[in-house]
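Each chain gets a letter, A, B, C, D, E and F, in the order it is written, and its residues are counted from 1.
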Amino acid sequence: MIDHDVNVLVVSAHAADFVWRAGGTIAKYVKNGANVSLVILSYGVRGESNDLWNIAGQTVENVKNVRREEIEQACKHLGVTDVEIWDFADYHMQITPERMERLTKKIREVKPHHIISHGPRDAFNPDHETVSKYVFEASVLSTSNGVRIDGYPAAKQARLFGFEPHQSEISDFKPDVIIDITEVYEQKEGAMNCFKAQQHLIDYYGAKAKLRGNHARRCSGNNQYKYAEAFSRFFPYVGGELV
Amino acid sequence: MIDHDVNVLVVSAHAADFVWRAGGTIAKYVKNGANVSLVILSYGVRGESNDLWNIAGQTVENVKNVRREEIEQACKHLGVTDVEIWDFADYHMQITPERMERLTKKIREVKPHHIISHGPRDAFNPDHETVSKYVFEASVLSTSNGVRIDGYPAAKQARLFGFEPHQSEISDFKPDVIIDITEVYEQKEGAMNCFKAQQHLIDYYGAKAKLRGNHARRCSGNNQYKYAEAFSRFFPYVGGELV
Amino acid sequence: MIDHDVNVLVVSAHAADFVWRAGGTIAKYVKNGANVSLVILSYGVRGESNDLWNIAGQTVENVKNVRREEIEQACKHLGVTDVEIWDFADYHMQITPERMERLTKKIREVKPHHIISHGPRDAFNPDHETVSKYVFEASVLSTSNGVRIDGYPAAKQARLFGFEPHQSEISDFKPDVIIDITEVYEQKEGAMNCFKAQQHLIDYYGAKAKLRGNHARRCSGNNQYKYAEAFSRFFPYVGGELV
Amino acid sequence: MIDHDVNVLVVSAHAADFVWRAGGTIAKYVKNGANVSLVILSYGVRGESNDLWNIAGQTVENVKNVRREEIEQACKHLGVTDVEIWDFADYHMQITPERMERLTKKIREVKPHHIISHGPRDAFNPDHETVSKYVFEASVLSTSNGVRIDGYPAAKQARLFGFEPHQSEISDFKPDVIIDITEVYEQKEGAMNCFKAQQHLIDYYGAKAKLRGNHARRCSGNNQYKYAEAFSRFFPYVGGELV
Amino acid sequence: MIDHDVNVLVVSAHAADFVWRAGGTIAKYVKNGANVSLVILSYGVRGESNDLWNIAGQTVENVKNVRREEIEQACKHLGVTDVEIWDFADYHMQITPERMERLTKKIREVKPHHIISHGPRDAFNPDHETVSKYVFEASVLSTSNGVRIDGYPAAKQARLFGFEPHQSEISDFKPDVIIDITEVYEQKEGAMNCFKAQQHLIDYYGAKAKLRGNHARRCSGNNQYKYAEAFSRFFPYVGGELV
Amino acid sequence: MIDHDVNVLVVSAHAADFVWRAGGTIAKYVKNGANVSLVILSYGVRGESNDLWNIAGQTVENVKNVRREEIEQACKHLGVTDVEIWDFADYHMQITPERMERLTKKIREVKPHHIISHGPRDAFNPDHETVSKYVFEASVLSTSNGVRIDGYPAAKQARLFGFEPHQSEISDFKPDVIIDITEVYEQKEGAMNCFKAQQHLIDYYGAKAKLRGNHARRCSGNNQYKYAEAFSRFFPYVGGELV
């Protein structure tokens, strides 16, 4: 059972990454009363808005507006209310020392038990790899007493989970943790449908959820699992019992 | 919290493998009321009784007697009462179709939620690699309806966990699961001390438990963890929440 | 363009493996006039007929009859006429020297340019791993002049391709070759539907074909690709141009 | 058969990389009427001109002049006429956003079907690793509609091939594609001999071409292959038939 | 036997890294008359001085003073006299072209046969990974004739050895070289005890030295080995005999 | 300097493997007074005598005679006098318990410091992989006191080195140890020329020796190295100094 005292921080490189890859898990945590904070680093203007740029006269500001509205609608479906959009430029995202400190501070503020973000490899998406390193390093800094940020004392090391990348095998992705999202799948579908221009991704991640559901059944013998999401771990599980 | 309805099956290639590598975890499950079944495949006469063979006039029968007594004492320390010794020859252990069926039947009888045995690679110990494959394949057979064993219907797929091998890095071992054994560490020490002739291993696995405790603290930020044991997973965790 | 002089040998461990994993590619080669020979090593009585064994009074002979009929129907959909079923016992399949020679002879007879069979790793399916090694080793023997089989002189080394295993990532599968099967996808669907008892697999491999179609479009920029199948290679491509 | 409508872009980190590692393949494409464009990013003044710096009074300008002349001669042997030298500083090469845009634009201009450049790892040569990442990321940017460059609309994703690095095994190189260069080997030899000061490399890549020829024969059974070049792939082959 | 003409350069990212990970090997080389030069890149103020920052009113200057004194004492125990502290900021360390040239010059000055520094991967410690790349690349630059530094001609390629990282398995560490440090272990213990505030690390690396001693005995059959340190290699051993 | 008290055991799967892959190293050890014992497991009748079987009327006995004579001549060139041919059948070699005991006994008799044999992977050559496992496991058995062989007490663990396989990269070969064979290269050439029917291998391994010489120079800065042979290690180097 998900504990309602659990803090979860989700860091999404572009506008919709958190929906395709962790929408079900997010909805489930929210539904069970956990505290979910979402940081979206960029609108994905350059790298993940292909369809919008097919419209004549398109502008950066307008693309941002469209994406912002989609994000807001998707968050409603998932039940997430604590959302920040940091509006970094994308393709290729640059991490400065200031940005590193900003995320370190955010982690110390949220005190997440779990951080969900991009895993270390993502073929065809260098931004995702940059963000993976960024989030991991900020999580390490957040635990170090010598990294002094006024009003934000050092935090405990959060557990880190990596999204499944788009092309899992050529991104060296291994599913370490497969989360059953059957009870909230409709919410994920609702959120995905907010990104209408990307119908091929809605199809794709719908099919993925079923495949991962099949794997969940095979690995567990539990036939209740219909839809699932897969994540990688950044370091071993530590705890009191075999899981 | 460990559930007292949990069934655990431990399969140990030689007499003492289960003590060095999982003694703490076993003691903890027993202490919490779980059902722990232990199968020891061989006495380790040829490959893991070096010291006994330094005694003039040593015989195979006598080595077995010594090891059996040590096993019994160690099990007392850990609280394990359901123990079978299958007395296979070791170095090199051979897996026949009959032996495969025997273990398949045992799994269907125990209906384990967790199986703990050797992981796929163990440098300098070919028997451990043989047993790893043996246990995994029997667990797969145990789930197949077409593998007919009278009176033993197909079981659900058990989770499989691999012991940490002696030389972890050159055996490609990655710790996937680190179990805190602080509350039962004295029991593990007691069990290890039953194998007096192998003082160098008692020292070795005492040091290991501390190192893994250090890693447990670093990965979790929980400073209560003093001693720990590490295991690999054979396939992904599947469940309802991030762990 | 597929050359109509091409010889293809497909080796399937169990009754339906060739349909789920290569049905589209097979249909495409047949449609283009290539010579496709199919060897099915077993009926999958023990390991891959779970549903049939739920029927009271089921017998081995009856399971074989059901599977044989399904195979025949599926082959009709794909257009394959040169089919042999070798009726090995499954779970676990054993490779004897006689069986090695039999396949070596078959390869020398067919003289395949391409062999399609199981890849080296398949989590949860030890038979598939056995067959992968079996096929590869027979292909090596088939090229050796010193392996004397009366009437069957040594063959040229065939190219080997590995099926995508069921759980690709935990089977270390990398797609090396992705084949567009859009033009024959209906035939594959027809063939899959011959295995009615395994509806979950029909769903699964339908979803897979779409996912691989998505990857095919991303890697090539060719939006005609709707459905695809992925394969691994056993050794490098050799030829006259970059492919 | 190589199609004369094929566009190939070769990106070489230093003056002679394209000759040692892809000279035969380049010559073959030119000979068959393909359009080959070559970008040489640096003269290799600091890192790959050891011998020239043994001459007393040597200057940067003079090293560049020598290398430029060698490049011109080598290109004549290979038949390449579309050559640009971007004159970046080497050891260590730095990739700025401007340089990223410049290459993205070049890719959109050339519209290559194939890009040949450095693979991801090259022990002892950090510049080659930098360039590998640079070329791959520019190829991704080139396909994105949101990366606006006036007059250069988004391109299709090109296939990427990696040169064989100097010390293949400790650079984790796997040959994915081995190209027969027998018919143009003399041209490659001619081009290599333009870099007289590096006799040890002429010997080395001569021997390599023979070794790869041996592998080509073993993998294909085609004994016409005498000389060959090996490349890695950046992502799977996608197409209509098994290759 | 260690040759007294051997030059060794040790590069430590933070104040105490060289003690925990190579203190025994350093002491042994000094004792045998080799020339050992030590460069400490930073005091580890931000990332490796947690305990000091628990003291109210702590300042950066004071942390540096404490660490400097500890370094001096530790060096006395190990016998190292040629020590430089470069005082880079840590967490995260930045490598500029000036810093690259500075280390290149240092290597040309010391002319090391062996360089000991951080290996390529260190989970939870991004600085160590940065330094690994820094040291390797400077060693490559140091051999290149075209990298002109007045008064410092090109050096021979040094052998590079990587420290064992703190969590070896999740840092992909393989021990390639295990050095017996039994004869100097007391000196290492003395040096470790200079870092009193880090008692948990003193315990940890004491246990490690025993574990590696156990591995040294198993791999060699030499029971004299009690304590040992493990290192990775950056590239193959080259020499006149099997070692 | 090679010590004349060193014992070396070479185990070759087929007739000529030891020449192509370790002929130089063997000659060097013999020349320096070491004790070199050679065990050749098979004549390679089926798998490695292609050319001989092109002769009409060829018989197994005759092939063995030809190969025996070639072995004798090659050994003369290398200076090896302690040679045994065990005449196992090849393609595919089978290891029985009796054969395991025979090699274990041989190791206890020779008491090798170094064993040189096939490494764990060799694409296109399953026998080589079988022998690798065979030799490693026998070396482990040889150290175990409980493996009782009358008159042959347990031995110390020998260091194991793996030959470079024919296609190194697709066999996952990493060169761990590169041995300079310049001073004995003529002897290796002489030995290779005893296998006249395999001219393509004489060319191949001549080219290989030069390539490895090039790598030896690059890794060491020692320009005396002209010819070299590469080996993998089975486990870490253990000793008193960095090598």
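As a convention for this text, a contact is a pair of C-beta atoms (placed from the backbone, for glycine too) under 8 Å apart; a residue touches a chain by one contact, two chains touch by 3 or more.
Keep in mind it's a predicted model, so treat the numbers as computed, not measured.
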item: Of C-D and B-F, pair with higher C-beta contact tally; value: C-D
item: Chain copies touching (chain A, chain E) - same or different residues, decided at half shared; value: different
item: Chain pair among D-F, A-B or A-D whose interface repeats that of B-E, sharing over half of the contact pairs by residue number; value: D-F
item: Angle (degrees, nearest 5) of the CA superposition of chain E onto chain F; value: 180
item: Per Cα centroids, the chain farthest from chain F; value: A
item: Remotest chain, chain B as reference, centres from CA atoms; value: D
item: Chain A-chain C separation of Cα centroids, rounded to whole Å; value: 37
item: Between chain C and chain E, centroid-to-centroid distance (C-alpha), Å; value: 53
item: Shared interface positions of chain F, touching two or more other chains; value: 124, 167, 170, 174-175, 215, 218, 235-236
item: Touch-based graph of the chains, sorted into line, ring, star, complete or other; value: other
item: All pairs of touching chains, each written as two labels joined by a dash; value: A-B, A-C, A-D, A-E, B-C, B-E, B-F, C-D, C-F, D-E, D-F, E-F
item: Contacting residues of chain D [partner chain E, same complex]; value: 44-54, 63, 91-92, 123-126, 167, 170
item: Interface residues, chain F side, partner chain B - complex; value: 97, 100, 137, 140-141, 144-148, 154, 235-236
item: Chain C to chain A touching residues, read off their complex; value: 124, 166-170, 173-175, 200, 203-204, 207-208, 210-211, 214-215, 218
item: Parts of chain F lying in touch with chain E, wherever the complex brings them together; value: 1-2, 8, 25, 28-29, 114, 116, 143, 155-157, 159, 161, 174-180, 215-216, 218-222, 225, 228, 230-231, 233, 235-243
